[in-house]
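Given below, in the form of structure tokens, are the structures.
In what comes next, chain A is part of two complexes: it sits with chain B in the first one and with chain C in the second one.
For the complex of A and B:
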């Protein structure tokens, strides 16, 4: 049973609408700013996590062999699956995709499959008999508005990042080589279409790029444009009650084009960096962050997940340990400062049944000091936020 | 010191903390707060967070939490979501919506009912809160006076959700953020213990700035807050 959506108050509604009239947004962005975009590539080919502010989407590409369709015997296929679990938001229903899920899936299909950005003919192995079917799984992990833009970045990045196994065709037999045997092959992509969502306010007179969850609730309607860096519009959709004029559509297309150009540059950089890392034999999971504003610069989150047992967790907390605090700690009984050797017990908080496990995990939690806070003008009151760095010890 | 955060150690659900409690209050009666529960003879942790101790004998677990669990007597901000019989349904961020009687307003009577519509913001006190029933709110004190409670109505305000920790921190007498800000800038603020904060400034730019400042002060010490404020108002 999904949770009820939080009620939107009149205060929020009026504030957002009034702020939009002054060309402001409640989170301090300008009207054409997107939120910080962060791409984390997974260790597997074709896996990536993209976050847009608080919104977070994971994409994974997989292939399987199938018999091609009768109507298109010389083509492979691409299938897009969108999963919106209750993990992302309490009011999503995991059992069915819902209106939003279907909308996202349809627009992604139109933007990626129908724009023919993926070369499907290359996926054919034997005409009419065997072809590759590419499956693109989109999982929404956290919802704070504008899932579509985030999902389209994730989809393109993971398709670009993916490598399929190499094959040899001998007569009627198809031999699939493992990754160790032969280098896997990338999918051929002709162009990279990225979706940009623009929300319209005040009888469609005001436009906001990349609306958050609250802005999505307040808006009159939205215009979604999928465009590639050759300035070719791949898909366009208007939802809600908006009356958009011709100049507005042209202006929106320009905005979407600029954003798409920036994003394709960014995705390319991320992928070439990843390739370099892989060639150098470093297994570091790579994280890249696209920041449009000086405001809100977060440190890169470096995560490494392939050796869980050797994780050094370093939590840099903005609370500087002042002398006062330190002396207070000294006065406290010994057990308070020492780390316990207990470990996690999953469940509702019953008694720990795991017994004693090594305490190295807790000992490695450090709390170093953070550099001084920087804060200058009224608009840049941003402070360094919590930085979590996960590194491999070995 | 009331909010005595004892040590940096993080406790996880399932940890047994009998020995820790005995080192501080041996042989005495102890009060267990949120995040601690008793199983047979053991005191077990049921939330991940740090252990806190309030003299003389109270222990609880402090953690980052956004889900509000209603507690009798707490001041909360809610959003009216509908009507049901003689009650308004109020969204206070808990799993169940709170009920607010038409008569629980100053000067309200059977004939003179308050006129609230969905989306209106109210500030009130929880009169009934237990785990088996829906919580009930009231907007009057024991003398039938509003005492600052009731409909929150202002043109330039915003309502935003923060973590419960931050709301408690802002309300604690140790926190200097709101008094210091107040000495430099004219604004009104209502902090609900359910993590909802209503903020009213003269302009939307000021409101946005203050909202960001409040949101980011969650992990700042008093000294750091002063530094930030000095930087802002120079």
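For the complex of A and C:
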């Protein structure tokens, strides 16, 4: 049963719009800043998890053999499936993709399949008889705005990371070699298109890159541009009630191009690092970060990653870890003020002014009115309250 | 008989902003992401006047959920129904979503342990925390037969990998409660004698205690990270 979408109050709405008009954002980013991008590659070929701030998407590529289409006998095919899991948001229905899911799927199809970034002819095994069908599954894990940008990074990374099994064709028989038998082959990609979503505010005068969920609710409309690092626009879409002028479109294309260039560089680095990592025989999941804002944030994020490593507990001897942990707990940091053995507080605080205020307040109540003889039941209640207040003040 | 080692566990709590409770749980190379919502609104047709209902959604990485996933769903649902204090929240639902991130064997026990931690993370009242252990029984290879000093001709493997699961003649997933270490649920495949079952049960019971300790440690570490 899908949960209801929480509504946004007018105050919140106005706060965000006013902030945006002031060239500010509620999370401290600048107008053209995207959130921190993190790519995690697993052990499986063609699987990656990408997070963009709190938004999180997992992509997985799989292949199967099929008969090619009659109209294109010498080509394989690429299919994109977007799964909007209830994990992502309580109001998503797992059984159907919904409006948002369909929108994301269509734009990804236009951006990746129709831009012909994947070489489909290479996927043909025997003309008119056998070809590979590549399936790209996009699982949305957490929704905090701008799923599309996150999904497009995940899609490209997983397609790049994927290896398909090698085959030999002898006459009419096709032999598929297992991964142990022969090295699997990568898919051929001609270019890497990345989507950038820009939200428009204030009669489409103000532009925001990478809107969060709240900003998406408030915005007038959005412009989606898919562009590769050769500055070729692969797909463009305007949604909502906006009128965007020609210079604005050119400007946003430049912004999208810069972002796409940076991302393709990042994805390439991540994949080469991963190859090195795997060759060294290390198995743990690899996490890479793209951080543009400042070093401070980067350090913070690294800390978060560390926490995970600290949690890594050897099951065999759990006693030692608990001891270490107990000794860690005893050390309270210096910035905490200690009151007694059990209570601490942050900072020293101010002098309590409640006592004075409280007593004057109670005095004002204390003046009792003469009991009303006409209504007995209310009287009783009143007198009860009075006794309580008197007790408190005395 | 010497116990084989249990694969390394990792638990990262509160990973998703959208859910009430979420956990990325890994056991060896198997990784699952579990999210829990609840107690939440419920359709009138599904409501139970006396107690809350539990929904489990098992999501594979490739393709749409099939019969195998439905079966696992039912198993996890049964375990959750027994551990959650459902009578506290009549006419509501608890919804649990298990997303497989990487499957390298003993998926079911990983999913149940992850669910247990996710329910804990969501702050749902439970009678106990379910703890699952997967055990595989495998015939010894002939080489080791010569040097064998015991009478048994099989190995007991804890948290088996996919390969080991395939080679094993019997697989067993045992779910215990964290308070009294009593058996809650069993999932078994393949033929085994009652002695073998007892043997697995006893040794898995011991192992479950150390997993409970791991749960405790990771919860207290998370709380410490929030406080300090």
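Here, the second predicted complex is superposed on the first by the 296 of 394 C-alpha atoms of A that agree within 3 Å, B and C clash if a C-alpha of one lies under 4 Å from a C-alpha of the other, contacts with A are read in each partner's own complex, and residues count from 1 in each chain.
Note that in this section contacts are C-beta pairs under 8 Å (C-beta built on N, C-alpha and C of every residue); 3 or more make two chains touch, one makes a residue touch a chain.
For clarity, every value in this text was computed on a predicted model and none was experimentally measured.
Chemist: Is chain A touched at more residues by chain B or by chain C?
Modeler: Of chain B and chain C, the partner in contact with more residues of chain A is B.
Chemist: Considering only touches as defined above, state whether A:54 meets chain B (first), chain C (second), both or neither.
Modeler: second
Chemist: Look at A:137 in the shared chain and tell me whether it touches chain B only, chain C only, both, or neither; answer first, second, both or neither.
Modeler: Touch partner of A:137: chain C, not chain B.
Chemist: Examine A:94 and indicate which partner it touches, taking first as chain B and second as chain C; both and neither are also allowed.
Modeler: A:94: touches chain C, not chain B.
Chemist: Considering only the touch criterion stated at the top, classify A:65 as touching first (chain B), second (chain C), both, or neither.
Modeler: neither
Chemist: Considering only the touch criterion stated at the top, classify A:174 as touching first (chain B), second (chain C), both, or neither.
Modeler: Neither partner.
Chemist: Check whether A:83 is in contact with chain B, with chain C, with both or with neither, and answer first, second, both or neither.
Modeler: After superposing on A, A:83 lies in contact with chain C but is clear of chain B.
Chemist: Touching A:244, do we find chain B (first), chain C (second), both, or neither?
Modeler: After superposition on chain A, A:244 lies in contact with neither partner.
Chemist: Identify the residues of chain A that lie in both the chain B contact region and the chain C contact region.
Modeler: Residues 4, 318, 322, 329, 332-333, which sit in both footprints.
Chemist: Which positions of chain B touch chain A when the two form their complex?
Modeler: Per the stated touch rule, the residues are 6-16, 19-20, 23-24, 37, 39, 42, 44-47, 79-81, 91, 93, 97, 118-121, 152, 154-161, 198, 204-205, 207-209, 211-213, 216, 219-221, 223-224, 227-228, 231-232.
Chemist: For chain A, which residues count as touching chain B in their complex?
Modeler: These residues of chain A touch chain B: 4, 6-15, 18-19, 22, 24-28, 317-320, 322, 329, 332-333, 335-340, 342-354, 362, 365, 367, 372-379, 381-383, 385-386.
Chemist: Spell out the residues on chain C that touch chain A in their complex, using ranges where they run on.
Modeler: Counting only chain C, the residues touching chain A are 5-6, 8-12, 15-19, 22, 29, 31, 33, 35, 37, 40-43, 46, 55, 57, 59, 61-63, 93, 95, 97, 99, 101-102, 104, 207, 210-211, 213-214, 217-218, 220-221, 224-225, 228.
Chemist: Mind pulling up the chain A residues that touch chain C in the complex?
Modeler: 1, 3-4, 42-44, 47, 49, 54, 56, 58, 60, 62, 83, 85-90, 94, 135, 137, 139, 141-144, 283, 285, 307-308, 310-316, 318, 321-322, 325, 328-329, 332-333
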